[in-house]
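Pasting the structures here.
Both of the next two complexes hold chain A, though its partner changes from chain B to chain C.
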Partner chain A sequence: MRRFTYHEPDSLTGAIALLEENGAKAKLLAGGTDLIIEIKQEAKTPDHLVSLRSVPGLQDMEYSNRELSFGAMVTHRMIEKSELIREKFSLLSDAVDNLGSVQVRNVATIGGNLCSAAPSADTAAPVMALQATLVVKGPAGERRIPIEDFFKGPGKTALEPAEILCCISIPALPEGAASCYIKHARRKAMDLPLLGIAVIIVPDDNIVCREARIALTLAGPIPFRATKAEAFVTGKPLSRQIWEQAGEIAVSESNPRTSFRTTAEYRKKMICALIPRAAEVALQRINRAWMKG
Partner chain B sequence: MAKVFEPTIKAMEFINIGKRVPKLDAWDKVQGKTMYIHDVKLPRMLHGKILWSKYPHARIVSIDTSKAEQLPGVRAVITGYNTPEIRCGFIKDNPVLKKDKVRQYRDEVAAVAADTLEIAEKAVKLIDVAYEELPAVFDPEEAMQEGAPLIHEDKGSNVLKLPWKMICGDVEEGRKQADYIVEETFRLPFVTHCCLGTSGCVAQFDAKGNLTVYSPTQIRFLAHKDFQEAMKALGLKDKTVKVIQTAIGGGFGSKLDTYPFEFITIMLAYYSGRAVKLVYTREEEFFASPGRQPVRAKISQGCTREGKLTFRDIEMILDNGAYTSWGATTPSVMMMPISSLYQVPNIRYVAKCVHTNNIYSTAMRGYGNPQATFAIESQIDTLAEKAGFDPWQFRMINRNRPGEVTPQKFEITSCGMKECLEAVKEKLQWDEKRGKSNGRGVGIASLIHVGGGARIYKSDGCGTILKLDDFGKASLLSSASDMGQGSDTILAMIVAEELGLNVEDVTVIMKDTDLEIWDAGAHASRSTFVAGNSALYAARKAKEEILEFAATMLKEPKENLYLRDRKVFSCNNPEATMDIDKLLRAAHFRTNGRQIVVSEFYDPPTVMLDREMKGNFSAAYTYGVHGVEVEVDQETGQIKILKYIIAMDVGRALNPMAVEGQLEGGGAMGLGYSLMEELHLEKGKLLNGNFLDYKILTFPDMPNIDSVIVETIDEKGPFGAKGIGEPPLVGSAPAIANAVWDAVGVRIRSLPITPEKIVAALEEKQRSNS
Partner chain C sequence: MDERVMAMKISFNLNGEDVSINIDDHITLLEMLRDSFELYGAKEGCGYGECGSCTVIVDDMAINSCLMLAVSVNGRTVVTVEGLAGPRGELDPLQQAFVDRGAVQCGFCTPGMIMSAKALLKEKSNPGEEEIRKGMAGNLCRCTGYSKIVEAIKCASEGGCSCGKGF
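And then the complex of A and B:
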């Protein structure tokens, strides 16, 4: 394995300075579950690793003023174990429950998952549907990036050189909202999704859909919101038929690829099949069922 | 105390046999104390690394090793041009270092030995190879066509000259007799063993030029022969070779042959004058290890109105890849289910193994049987349905019976096929669950495998040396190989049973070709039967000697004496007893005394297949039935296994815990083959050589396996046992395919049975219905 210098700064400004100093030769290390493998495979060849392990505050999690915010170094296991998240943002729990293995979840961080920007990132679709804001700090100070502006391509994000994602901030869902994320994968563990589907539904009292958010991963090169499908179901009754149509609309918004893992055709079929299913599971969670007809 | 002396019947009861004994090395393994090849470290040992080909088919124009040679710490750089030629594979078509041309992506072009692994890795990258790409062929049917690029020009054809043809009875006559005939084509993928321990070896020459190879091989005596032959090429014809077998981190057939990397390590050791270790990375294990051969099988079978099979006709094409290892011989084992699974009077089987520029193939658990049985057993359901029979009933009608001689001249001794079918039917609730077409379905598949060795070589023997020390402990030098299947434990149990010892009193050693007698290797599910009988007969010899001496000591007739609880007893005289260790000391420490050491070479009473590929090549045959209940998600195509039953006729379960281990492990491997495993090659290059993309089942994916042990007490097996190492994976795929058919009415004729295939088949079905 290639040799590198390991840095463990104890402040964010220290980390930013190290990144600035070493430029492209440096890589930021969070959980390392992707990066270390890439280094071993020599897909990445950094001379410097800047670990965020000793930067204080990056593992904090807080819910106040109807806003959930957590540091970029929060592990998937911490999210998995959070009762609050399971209750109020259940789709996020769905996304981490089957990610890798317990061993992976113990070290892999949500910040790493988002910043690696793998098309298959499990937390991407839920965080998109949750309309998160990403707080980043760099040499030029702090800025806030809406999640829909964050992913720029496979492995590419809106982060500028030496910028570090510090915090993910998620507004509370409207009262009575239901949510679900389906990771469609071949295996139940140690697998990447073939398709990720996040659905948030806000029903009104008459079981009409007041608001819907549908976010997809692996349905295109980057995670995206199926806005046409969302618009279609908004204001309509919560029936299976309507959501099946939403699935078809979402397919028209998608651009999945064929690889040895699966075909574009199968992914499209699964968008159709799983959007209504995700909606159905979400509704079941608030003890609702499809309206007839 | 009186109880012990109650009569001979008591003495006949088993003390160890049939008990649940955890594998003897289990604790060492989980505590990290076991010595695998990865742990071997010798003084001044170097590390070897291979440079692999970058093309699937190319002429080697030049190899420049000068930069690598100049790198400090590099001790040897070898290529096909600066070493004598050594070839491996049973038809010797695989030069261990390629000269002139490469024929697959993983071809060995050069190798380096260096002070550290890092230096070796760096040095390999400094070797410049100039290639001239050649047209390549990756599809065996294309490779058979006129004008296709020749993989081995000297052979004149890509089709291997192997005698894979078997005719029994008259297939045309069988067709005429049939009232119903089904013809289909099945396709089986390229898969690999996924051993937890990657391949590797350590080689060292002593000052006199004698070679020691440390290897996790399954065949240390055959490897010994191969390495001895290689010594000739190095000009060391008169020197000796010793193979020391380290703990095997999984074999499954992958370590049944010798491979280029082993000879390369030997040459690196020879030219550097140092010990050299070469161990594959996981990536190398995936792309450089040969796997199970892909098969296309065209099969037709027919039956009468009464449901009796009249013929079976199979043509196969096997993708052999670029070189020949045992993969090319698997049709000889496919003949077994083809000729002898069910009573079929008329059989025709022809198989062609074809060279391509793909990665080559070797032995893998089941040795062709999983491919052949998938085709046969999938079609049995289709044929049964066409003829109007319940598939279970159809199997009962055509099942094999004890005492029959099959068309391939196999002499069936014990046969528990009926009992297995009945057990699976009951456990699966076949009658209640079948035929609902509601997304849930049940399926079954039967299987046959050799269970009493297999005479592939002129000797199918196995040696044992048994030594009893002064403390009543036994050292068992068995020539068998334990690769996790549990023969260490079984052999200790057999010896302990026979000598009235505890299992812990027996130390099993399977290690060193210098110390042990010959053995044909751990293949063909033969260890329990062949090594078991060898150990049993050795123990009987030792027992004879013990009792003979005890008779003089106790002044009792020898016939009345028996061994139990580390003592010798007399049936008639409760006073006449003696501790075994005391007895052994008394036998040793006297004038003309000695320690008891016996040896045995057991070779089962079998024959090799004749020119027509017929003959009783195994002393016993193992039968089994797999039964599954599945739920198919008709939108996503995902299969959920609700129930999985494996019933196996094992003769006698010497250690039921080990039998269950085999059934569960085989079931897991069979499910992986059925549902998700496949090596994806694109123009000969492996795309998914890692555990993320080459999918084996994880624990959450693994259903409970309901193991049903059927005992038929085989007349020739040790205590009645038959081998069951391979067969537990043979029936998985057809049972699942049959259950999917029962659940949703689509027939998947290729593996793995992926959600994509099910969704596509359901759509196709819908289109043809409307």
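And then the complex of A and C:
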């Protein structure tokens, strides 16, 4: 591997200063499961790596006042093992369950997954659907970025130079909400999704949909919310037929591409198929079924 | 660039022993284990975290040593396959199970398989077959000897298996 200087600052201020000082020659190192590969392949050639490993607080995970917040260095494995997340934010558990391998999940971080901004990032759709706020710190101080403003393009985010994602903050879901993320991939492990579908449903007592959130990855250059499909299902009975129509509406909002993994056409067909399926799995999780008819 | 700043003195626990070494910043944990400590159990298969043959245990977690920088194990605990056997060379029950169940073919993936399985059993003493397969999903065997590997891990687990050898 190409040579570089490794820094392990023990404070966020120190990390920001190192990034400022070294500019484009420096890269932030979280878990390294993407970055080290890119350095090996010489796709990235930083002279300085600034590790966040010794910055305190970035591995904390807390649920209080109906808000889940976790540090950017929380690993996928920590999320996978969290019973609280599985119970209250099950779509997030779905997203990490089949990401990479145990070895990858043990070191890869949610902050890294979001900031790499790969179109295939498994946590992106759930975090979009969960309406997360990202707390970032940089030379100009702290600011909060709503997740819908974060992704700017493949590999591009709203982070300014020397800004660091510190914390991801997620509001609790409304009472009675159900959720599911489907990673559509060819293999169960060590694979990237062909499509990622996150669905959150809040049903009322009569199985009418009070609120719905649908977020998609790989259905366009960046993750997005299918807001027209969401509006269509809101206030309507939770029936298969209506959600199949929602799938078609979501396709009209999508702009998937043909890549070496699969075609745009296939992705569109799977958006149609998987949106109702994700909704059905979500309902099953709260012991509900589709309304008949 | 100044060569001097690109190396670091690190201290960590390796297979039960406290060690210190000066290591260049860009060296991976796998390279350090093999080239500096002459521990050749962990192997480089793909070098990109896909195959798992470089798997070692850091702070009780199975990780791909080809993707971890050596400098980042400073202050941590590293266990390689060489650290499993007892003081008189007696095999770990998991290693013995691999031998008894014929879970080794060419052997290239075996140290990684064993370290992944070790971490898995530490976390879950009696995993079911699906849990074993999921836990081992990051380890590839080019000989495709997966059934025997799963059996061996089941054998070495708390519940044992029905092969009669048990542990």
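To be clear about the criterion, the second predicted complex is superposed on the first by the 293 of 293 C-alpha atoms of A that agree within 3 Å, B and C clash if a C-alpha of one lies under 4 Å from a C-alpha of the other, contacts with A are read in each partner's own complex, and residues count from 1 in each chain.
Definition applied: a contact is a pair of C-beta atoms (placed from the backbone, for glycine too) under 8 Å apart; a residue touches a chain by one contact, two chains touch by 3 or more.
Since the structure is predicted, the reported quantities are computational estimates derived from the model, not experimental observations.
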Contacts of A:V104 with chain B and chain C, given as first, second, both or neither: second
Touched partner set for A:R277, first chain B, second chain C, both or neither: first
Chain A: partner with more touched residues, chain B or chain C: C
First, second, both or neither for A:M190, with chain B first and chain C second: both
Which superposed partner A:K269 touches (first chain B, second chain C, both, neither): first
Which of chain B and chain C A:S51 touches, first, second, both or neither: second
First, second, both or neither for A:G247, with chain B first and chain C second: neither
Touching partner for A:G112 - first (chain B), second (chain C), both, neither: neither
Chain A residues contacted in one complex by chain B, in the other by chain C: 188-190
Touching residues (chain side chain B, partner chain A) in the complex: 635-636, 676, 680, 682, 687-688, 691-693, 695, 697-701, 754-756, 759
Of all residues in chain C, those that touch chain A in their complex: 1, 5-6, 8, 24-28, 47-50, 52, 55, 61-64, 67-69, 71-72, 74, 116, 119-120, 134-135, 137-139
Chain C-touching residues of chain A, taken from the complex the two chains share: 1-6, 8, 29, 32-33, 36-37, 40, 47, 49, 51, 53, 77, 100-104, 106-107, 188-190
Contact set on chain A toward chain B in their complex: 184, 186-192, 260-263, 266, 269-270, 273-274, 277
